[in-house]
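What follows is a set of structures to go through.
The same chain A turns up in both complexes below, where it pairs with chain B and then with chain C.
So, the complex of A and B:
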C-alpha cells in the first residue's frame, strides 16, 4: 500500500513538471520544470535500486545540464518577447492527437504483453557496474571518450565561428573580437634561456 | 510495483516530449522536449535492468545519459549560432531549406 502511494506521488512529481515543460510560456520556467522532472527521475531510480545512476542523474542533469540550459536561455533571450514565445497554435491539435495516439498504442502494448518479468531480481551493486564498464563494455567506454572529445571541439568551433571573420547582420549582438594575448615577458624568457 | 507501472509512466513522459517537440517554437524549448524523451528511455532501461537482473541495462542508461548531455551541448552551440545570425531562436525563422 505504502509502496503504491509513494510510487503515485513520484509519478505525479515526474509527469506534472513534464507537462509544464511543454506548456509553460516562460522559457526560464520551462528549464526549472525540466529540472524538477529530472530530479523526480532520480527518485524513481532510487526506487528501482539504482543509487549510482540516481547520483549521476542529479549531478550531471540537474547540476550541469540545467545550468547550461539556463545559460542558453539567458544568452539568446534579447527581450521579454523572445523569452515567452507561445506554442504554435496550429500544430497544437496535431501534436496533441499524435501524442495521445502514441500513448494509447504504447499503453495497450504494455498492458497486453504477458511475458514481462513479474518480480524484481536482486539489486545490482555499483561494484558490479564498475567491473562491467572496464571489462565487457571497455570498448564502448573508449568510444564514448572519443565522442566527448569530438563534442567539445565541435561546440568550440560552432560557438567561435561568429567572431572569426565575416560580419553578420546584427554585429551589435555578436561578442566583440578578443584582444590578443599579451606578449610573453621578455625578461622572463631571457632568464630562462640563460 | 510491477514493471508495467514504470513502463507506463515512462511512456507518458515520452509522449509529453513528443507533444513538446511538435508544438514548441523556441529552439531551447525543443531541446528540453528532447530531453524529456531521452529521460523516458533511461527510465525504461533502468526498469528492465532491475526486473531482468541484468547490469548491462544500467550501463546502457549511464552511456545514454552521457550521450544526451553531449547532444544538448552541441544543440545549445547551434542555438547560439542561430541567435547570432538571426537575432532570435525561433525555429520557423531558419527556413532556407524549405523549398
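So, the complex of A and C:
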C-alpha cells in the first residue's frame, strides 16, 4: 500500500514538471521544471533498487542542466526581466499527432510485453554493471566513446573558428587608438598641494 | 521503543532529524570559530560580548536573522527567489546521510556512497545559480554565472580524484573505503605518492566547490557585493550562509573519510578521530581563507582544464596500473 502511494507521489512529481517543461514560457522556469523531472527519475531508480543509476542520473544531469541554464540566459533575448520562449503554434497539430503516435506505440509495447518479471528479483550491483559494460557491451561502450570524441572535436573546431574570426577583428590595428587621458586639472592639483 | 525503531520510515525520520540537528549545531559554532580565527589573523579579538569569549554569538545571530524583516525585490522572480535558500540547505545537508561517523554508525550505508555525496554537492550550484538569477540584480547574476562556469570546471578533476580511493578499494561504499583504510593503509599514503596528489587535487577542488577563498570567485565581495546572496535578507540569507558552512563541513568529513582513514586512528575512540580530522581540515580551510588572495576566474579555469584534468586522469591511470601489477 505504502509503496503504491509513494510511487503515485513520485510519478506525479515526474509527470507534472514534465508537463510544465512544455507549457512554461519562461526559459529559466523550464530548466527548473526539467531539473525536477530528472530528480524524480532518480527517485524512481532508487525505488527500483538501482542506487547506482540514481546517483549517475543526478551527477550527469547536473552538468547538463547548468549548461542549459547558461544557454537559457545567454542565447535568448532578455525582455523586461523575462526570458520567453517563442510559441510556435502553427506546428501544434503536427506535434500533437506525433506525441499521440509515440504514446500509442509506447503503450502498445508496454501492454504487449509479458516476459518482464513483476518486480526486480535481485538488485543488480555496481560491480555487475561495470563488468557488463567492459565485457558484453564493450563494443557499444567504445562506439559511444568515439561518438563523444567526435562531438568534442567538432565543438573545438567550431569554437576555434569563432576565435580566429574575432582575433583578426581585434588586432591592434583595428582598435581605435585610445585618447590620451586628459591632463589632471591644474586647479585641483594645486588645491591638493596647498 | 524498539518496536518504533523497527519501522524503517520512523527510523529514517529520527535519524534525519538527529543528523540535521547535529549538523546545524556544528555549523553554528564553526561559524563562531571562523570569526574568532579571522579576528586573530587580523589582530582583532572577534566576537567577545555575548557569553564567555563570545561563545553564544551564533545563538544571538540566529535570533537576529529570524527577527529581521524579509525583503523580496519587486523585480525578483518570487517563486525561485523563495525556493533557492531552502533548496541550497537541503542539498548541502543531503550528503551527510552516508558519511560513516564511526564503525557501523551512519544513517544509511549506501552501495554508492561516494557518488551520492558527489551528486549532492555538485547539485548545490543549481540553487546558488537560481538565487543569483532570480534576484534580478546584475551582481547576483554575475555571481551565479561564475558559479556555473566554476561548477562545470571543478567537477571533473574532483570526481576523478575521488575515484582513486574507489579504484584502490574496489568499492563505492564509504564504509567499505574506511574499513579498507583501517585494515590496510590510509589512502593518502597509498598508492605511495599517487594518493597524496589525489588528495591535494580533491581538496583544492573542494575549496572551489565550497566557494572558499582562494576560489570564492562567485561571491567575491570586493567586486560583486555578496554574489548570488546580494539581495537576500534575514533568515533566507542565513539559510544560504549556513548551506555553505554545512557544505564545507561535509566536504571536510568526506575528504577525511576518503583519504585520511575516516574514524580509524590509535588510542582515541573512533568518534574522536573523525571529529579531529574533520575539524582539522576545516581549520586548514579557514587558515587558507584568511591568508590567500582570490584568484581570477580565468586562472581557475586554466588550473582546472589545463593542469588538473590531465593530472587527475594520469593519476587514475597510474593507480589502475599500480593495483594491477603491484598492489
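Rule of thumb we're sticking to: the second predicted complex is superposed on the first by the 120 of 194 C-alpha atoms of A that agree within 3 Å, B and C clash if a C-alpha of one lies under 4 Å from a C-alpha of the other, contacts with A are read in each partner's own complex, and residues count from 1 in each chain.
The working rule: contacts are C-beta pairs under 8 Å (C-beta built on N, C-alpha and C of every residue); 3 or more make two chains touch, one makes a residue touch a chain.
These numbers come from a predicted model, not from an experiment.
Participant: According to the stated criteria, A:35 is in contact with first (chain B), second (chain C), both, or neither; which is it?
Facilitator: In the superposition, A:35 contacts chain C only.
Participant: Have a look at where A:69 lands relative to chain B and chain C in the superposition and call it first, second, both or neither.
Facilitator: The answer is both, since A:69 touches chain B and chain C.
Participant: One more residue to check, A:148. First (chain B), second (chain C), both or neither?
Facilitator: The answer is first: A:148 touches chain B but not chain C.
Participant: In the superposed model, which partner reaches more residues of chain A, chain B or chain C?
Facilitator: B
Participant: If you stack the two complexes on chain A, which partner ends up touching A:56: first (chain B), second (chain C), both, or neither?
Facilitator: So A:56 meets both chain B and chain C here.
Participant: Can you give me the overlap between the chain B contact set and the chain C contact set on chain A?
Facilitator: 52, 56, 65, 69, 73
Participant: Would you tell me which residues of chain B are touching chain A in their complex?
Facilitator: Against chain A, the touching part of chain B is residues 1-9, 11-29, 31-33, 35-36, 39, 42-43, 46-47, 49-53, 55-56, 58-59, 61-63, 65-67, 69-70, 72-74, 76-81, 83-85, 87-90, 92.
Participant: Could you pull out which chain A residues touch chain B in their complex?
Facilitator: Touch list, chain A to chain B: 3-4, 7, 11, 14-15, 18-19, 21-22, 27, 30-31, 34, 37-38, 41, 44-45, 47-50, 52-53, 56-57, 60-61, 64-65, 68-69, 71-73, 75-76, 78, 82, 85-88, 91-92, 94-96, 98-100, 102-103, 106-107, 110-111, 113, 116-124, 128-129, 132-133, 136-137, 140, 144, 147-148, 151-152, 154-155, 158-159, 161-162, 168-170, 173-174.
Participant: What residues on chain A touch chain C, complex-wise?
Facilitator: 2, 26, 28-29, 32, 35, 51-52, 54-56, 58-59, 62-63, 65-67, 69-70, 73, 81, 125-126
Participant: If we count contacts the way the header does, which residues on chain C are in touch with chain A in the complex?
Facilitator: The contact residues of chain C facing chain A are 9, 75, 77, 80, 110-112, 115-116, 118-120, 122-123, 125-126, 129-130, 133-134, 136, 141, 145, 148-149, 151-152, 155, 159, 172.
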